[in-house]
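Read from first to last, the chains carry the letters A, B and C; within each, the first residue is number 1.
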Amino acid sequence: MTAISRSLGNVTTAGRIVIPLLLLILVVGPLVTVFLATVIGPWVSGVVYSNLGIVRFVVAITAILLFSIPAAFIIIYMELKVIAYMNLRVGPNRVLPAGAAHSVIAGLKVLTKEDFSPSSADKTIFTWAPVMVFLTAVMTFMVIPFGPGLVGAPLNIGLLYLFAVGGMTVVGLLLAGWSSFNKYSLLGGLRSAAQVVSYEIPLTLSVVGLILLAGTLSIDSIARQQAGWFWDWFVFRQPLGALIFFIAGVAEANRTPFDLTEADSEIVAGFATEYSGMRFGFLFFAEYVNVFIMSALIVTMFFGAWNAPVDLNAVLGYFHLAPFWVYLDPGQLGLGLLLVLAAVPLLATLALAAPVYMLRDNMPAWKALLIGFVLFNALLIGALGLVAYIDWDWVAGLVWFMLKAFTFVFVFVWMRGTFPRVRIDQLMGFAWKWLLPAALLNLFVTAFAIVILKSAGVH
Amino acid sequence: MTAPAQPGHPHPSLDDPRIMLDGQIGQYEQVPPYPPRTEREAEFYTLGDGEMFLNMGPQHPSTHGVLRVVLKINGERVVDLDPVLGYLHRGVEKLCENSDYHHIISQIDPLEYVSSLFMEWAPVMAFEQLMDVQVPRRAEYIRVLTGELLRIASHALFQGWMALDLGGLTPILYSFIERDEIVEMLAAVTGQRMLFNYFRIGGVNGDLNHEFMSRLGDWMSRAAVQHEANIGLLNENEIFVRRMRDIGRVDRDTALRMGVTGPNIRAAGIPFDVRRAHPYSVYPELEFNVPVRGSNGSGDSLDRYLLRLDEVRESIRIIDQCLHNMPDGPVMARLPRLLRPRPGRAWAAVESPRGLFGTYVISDGTDQPFRFRIHDPSFVNLQLVGMLMKDNLIADTMAVMASLDPVMGGIDK
Amino acid sequence: MTTVPGMGLIRGMGLTLGRFFAPKATIMWPEEEADVAPRFRGRLQLLYDEYGTLKCETCFQCAQACPIECIDMGGVDTRGRFHVHWGPPETYGERREESAMRRAGRPVADPAFTRFDPMDVTPVNAIAEEHDYEPKDLLPMLEGIQAAYGYLPVAALKQLSRQTGAWYAFVYGTASSFNHLRFEPPAVTTAAPAGEALRSAEAGYVSALDAALGGRPTR
C-alpha cells in the first residue's frame, strides 16, 4: 500500500487528472457497453432490418469507395514495376521489399502537395471536375459482380446502367480540360470527348450480340450463364465481339496505344496539365480505376466472370468422388479447444523453427524462432484460405475474378510497355471504318445464327 | 520600367501592363508584344477564323532540347509555324577564337553532345591542314574506329527518341542500354563517357588499350544480332509504320535546294556522303556502301528512320575492317607544344551522324585562330520543319522533327 | 510490315514479354557503384613523388591552360611578400576579401594583402600606351617602368595589369623571370669610396683564398 501511495504522490499534475479519468472509464465503460448491447443494439438492428435496401446500398458504396483506392494503388504499382521490367530496369525498390508500398507513398505525397488552381481557371468547375471523373468511374463498380452474390446493386438492366454511367466520364474530362484555361488542356479535353464518344459506339454494339445470346441485360445473369468449363465462356461464342470490346475498351480507358488525351509528347499532359495535389490524384486514380473496370468488364462479359476455368464438380464426378466440404465445429472439442489454442501455435512454431535452426549455420535462436513463427502464420493463413475457398463459393469466385481481372490489367500494362501511340485521324478512322462495321457484322451474324438455330430446333 | 507609385495606387505592379490581375481575364496583350517587324511576322501573327497559337517548347517534353516552335493551329491541324532558336546559344565560335588551338578541341566538344567525337574531328583536320601535319596511319584508323562506334551509338539513340516522340516508352531504354555499352567502351580508351576530348592535332590522345579491345570484341560478337532484335520492336509494328509513312516528304530538289546533308538527304534519294564524295582520313581504303532510300520519290519519315538503321549495319562493317587492317605505329605526330601555324585558311568537313559537319579556320600566325566558323548539319536540316510540319497534325510535328534528328546544342551553337 | 495485319504488334508484345524475364541492366546505386575508367581525367589531383613531397612546382601552366577556368592557383612568393594568383579574380576576391574573412571570424593574417601607399602611376600609363597595351610586350614595358621608378613597385605592376588586361600573376611571373628587374628599391647607395674599399677588400679575400686552395679549379 505504501508503495502505491508513494507512487501516487509522485505523479505529475497531468497524471493526477488522467488517472482518475482512466478509473472513471474503467467503471463507466462496461456500463455503457451493457447499455449499447441491450438497448441501442436491438434498436439499431431493428432499423437496419426494416431498411435493408438502403443499408445494403450504403454499405456497397462504402465498400466500393474503400476498394477503389487500393485497387488503383495496386495497378499503379503494377504499371511501374511491369513496365520497368520490360524496359530492363528494376523499377521501384525502396519502400518495403521490391518497393511494394511505392505507390501508397506516392499517393501520400500527392496529398501533401500544394493544391492550387490557375488564376484564370473557372474555379468551381476546376474543383469539381476531378470529383466527377472519379465518382463516375467508381459508380460503375456498383453493378460489377465480384463473385456470386458479391454485387453492389443487382440491377436487371446492369449493362445499360454501365454504359450510361461509363459514358459520363467524358463529361468530367471535358470539364477538366475546359476549365483549366490552358490550350493543352483544352486540346486534351476535346480529344477525349471525340475519342470516348466514338469508341462508345463499337463498345456498345459489340456487346449486343452477346445480349442476344444471353437474352438478358443483367450482368449477374450473364456471369451465371458462363458456369462450367472454360469453353462455356462467351469469348468462344463471340470471338469477334470480344476482340472489338477489348480494343474499344482500351480506347475507353484512354490507354496506350489510344492514350491521346494525355499524350505527353504532343500535349504535355492533356486535361491534367494544370492539376496538382489531390485533384490530380483523383484524375490519376480515376484513370487506373477505369483500367480495372475495363478488365473486370471484359472478364465478366467474355471470360467467364467469377467462374473457375475447370468445372471442379465434373472432374470429381469423373473420378467418382463426391464434392467435398470441410465441416469445422470447434465446439466438439470442448475444453480441449482451449488446449489447442494454447499449445498448437507454440508447438508448431517450435516444430517449424527446428529444421531451420539445424540446417543453417550461424543461425541465432531468436531468428530461427521468428522464421518459424512467420512460417506457421503463413501456413495457417493458407489453410484457412483453403477452407474458405472450399466452403464459401463467393471466396472462390472472388479469387478467380481477381486473378482474371488482374491478368487483363497486366495485358493493359504490357501494351503500354510495347506500343507507340496512334494519331488522332488514325484513331477516329479505325473506330468508324473498321470497328463499327465489324461490330455490326458481328451483330448480324449472331442474329442470323440464332434465328437459324432456333428454326432448326437447337438451343 | 514600372511607373512610380502614385497616390491611389497601393503598389506599382498595378500599373505594370505585363501583370494580369483577376478582373482582367480576356484582356490579353498582343502576341508578340511588339508591333510586327516584317511582313512574314505580320502574316503569321494574324489569326484567322478558328485558329489559335500553341507554343511548343522550349520546355515542352519532346522538343529535343530547347527548340521552341510556335504553331498556328486550326483544330488539330497545323496551319503555320514559326521556329524560334537561340535558347542554348553559347557563342562557341567566339569562344574558340579566344582560345588557342589545343583548347578549341575541348571548347567545341559539347557542341553536339550526342556525337562529340565528330565535333573534334573536323577542327582537328582543319588545323592539321594549316600546320602540314602528317597524322600517323594508326591514329587515323583509331579515329575511324571510334567515330563509327559513336555513329552507331548516336543512331541507336535516334531510334529511341523517335519511338518516344511517338509515345513508345520502351525503345528508348533499349537504345540507352545499347549506347551505354559503346560509351563504356569509349570511356575505356578516352577516359570520358560523353565529351571525349580524345582527338588531338596530329593524332589521338592515347593508344587503344586492352579493356577497350576486350569490350569491343565482346560487343562485336553480338552487335548485329542485338541490333536486329532491338529494331524488331518498331520496324514491324503497324502503328509505328503507319504513323511514319507518308509524313514529312522531302523530294530530291527540295533536299538539294535546302542544303540538307547526311541521312536526311540520302533518304531523299541522293547518295551524298562526305566519306565518299570528299574522302578524308582512311575512308578511301575501306569498303562500305552508302545506303540510299527514297529513290522512288517517297523520302518520308519512315525512309529517314530506316536509312539510319542501314547505316548502323555499314558502320559495323567498317569497324570490322578497321580491326583487321589496324597498322602498328605511333598514334601521335611530333609537334611543338605551342602551335603557331603560318597565316592561312583551311576548311575541313566530316560526315557526322547528322550530316556534313565542317569547320573553317583562318590563322593570322598567332597561337589563336583569327576566325573560326562552324557549319552544323542540324541547323541546316532544321530548316525543313517549316515545310514539313505545315498542314500536318500536331502529333506529326513531333514525328517529323524527330525524324530529322536535330541536336539543339549544335543548332544554337 | 508483315503480311498478316497485327502480326507485328503481337511480335513486339512477345519481345517485351521476353525482356520481362531477362536479367536487368540497372546498376543498383548506391549499393553498387559504376566503374570509373582508368583513363578518367575528370578530376584534379596533386601527385606526390616517391619521397612524399609534392610534385607540383607551381608553374601555373595548368591554371593557364584550363579552358573553362576551373583551376585557379594562388600563393605568396618565397619571401612572403607579394601575392600571386592565377585564375578568375572575382571568385578569388570574394573568398579572400578582408571583410569576408573578418565576417567569418578569422584573422586577416596575410601580409601580402596590406595596402600599398598611393603612388603616381601616370608613367605606367604612358609606357603602356606607348606599347599599345600589348600584353605580349611585357618585358620592354617592365624595363621602362624600372627605368622610371628605379624598381618595380607593386602598384605599378597592378596598374600595368589593369592597363594591358594581362593577369597580375602573368605580369609578376614575367617580372620575376629576369634578373635585371627588381621588386624593391635598390639598397641605399653608400659613398663611392666605401664601395671601392669594399670591392678591393673583397678582391683581397678572393686572392687569399686562391692562394690557399692552390689556384682556381679548371672547368
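To be clear about the criterion, a residue touches a chain if its C-beta (ideal position, glycine included) is under 8 Å from a C-beta of that chain, and two chains touch if they have at least 3 such contacts.
Just so it is clear, the structure is predicted and the values come from calculations on it, not from any experiment.
Each chain's centre was taken as the mean of its CA atoms, and the one lying most distant from chain A is C.
Chain closest to the overall centre, judged by the mean of its C-alpha atoms against the mean of all protein C-alpha atoms: B.
For the pair chain A and chain C, the distance between mean C-alpha positions equals 69 Å. Per-chain CA centroids place chain B at a distance of 38 Å from chain C. For the pair chain A and chain B, the distance between mean C-alpha positions equals 48 Å.
Multi-chain contact residues of chain B (touching two or more other chains): 170, 174, 177, 233-234, 237, 239. Among the residues of chain C, those touching two or more other chains are numbered 9, 12, 15-16, 19, 25. Residues of chain A in contact with at least two other chains: 86-89, 417-419. Looking at the complex, you find that chain B touches chain A at residues 20, 22, 25, 52-55, 60-62, 76, 163-170, 173-174, 177, 233-234, 237, 239-240, 242-243, 393-396, 398. Within the complex formed with chain B, the chain A residues making contact are 83, 86-89, 119-120, 183-184, 187, 191, 256-257, 259-260, 263-268, 416-426. The touching residues of chain C, when paired with chain B in their complex, are 1-2, 5-9, 11-12, 15-16, 19, 25, 37-42, 65, 67-68. Looking at the complex, you find that chain A touches chain C at residues 82, 85-90, 93, 414-415, 417-419. Listing the residues of chain C that touch chain A in their complex gives 9, 12-13, 15-17, 19-26, 28.
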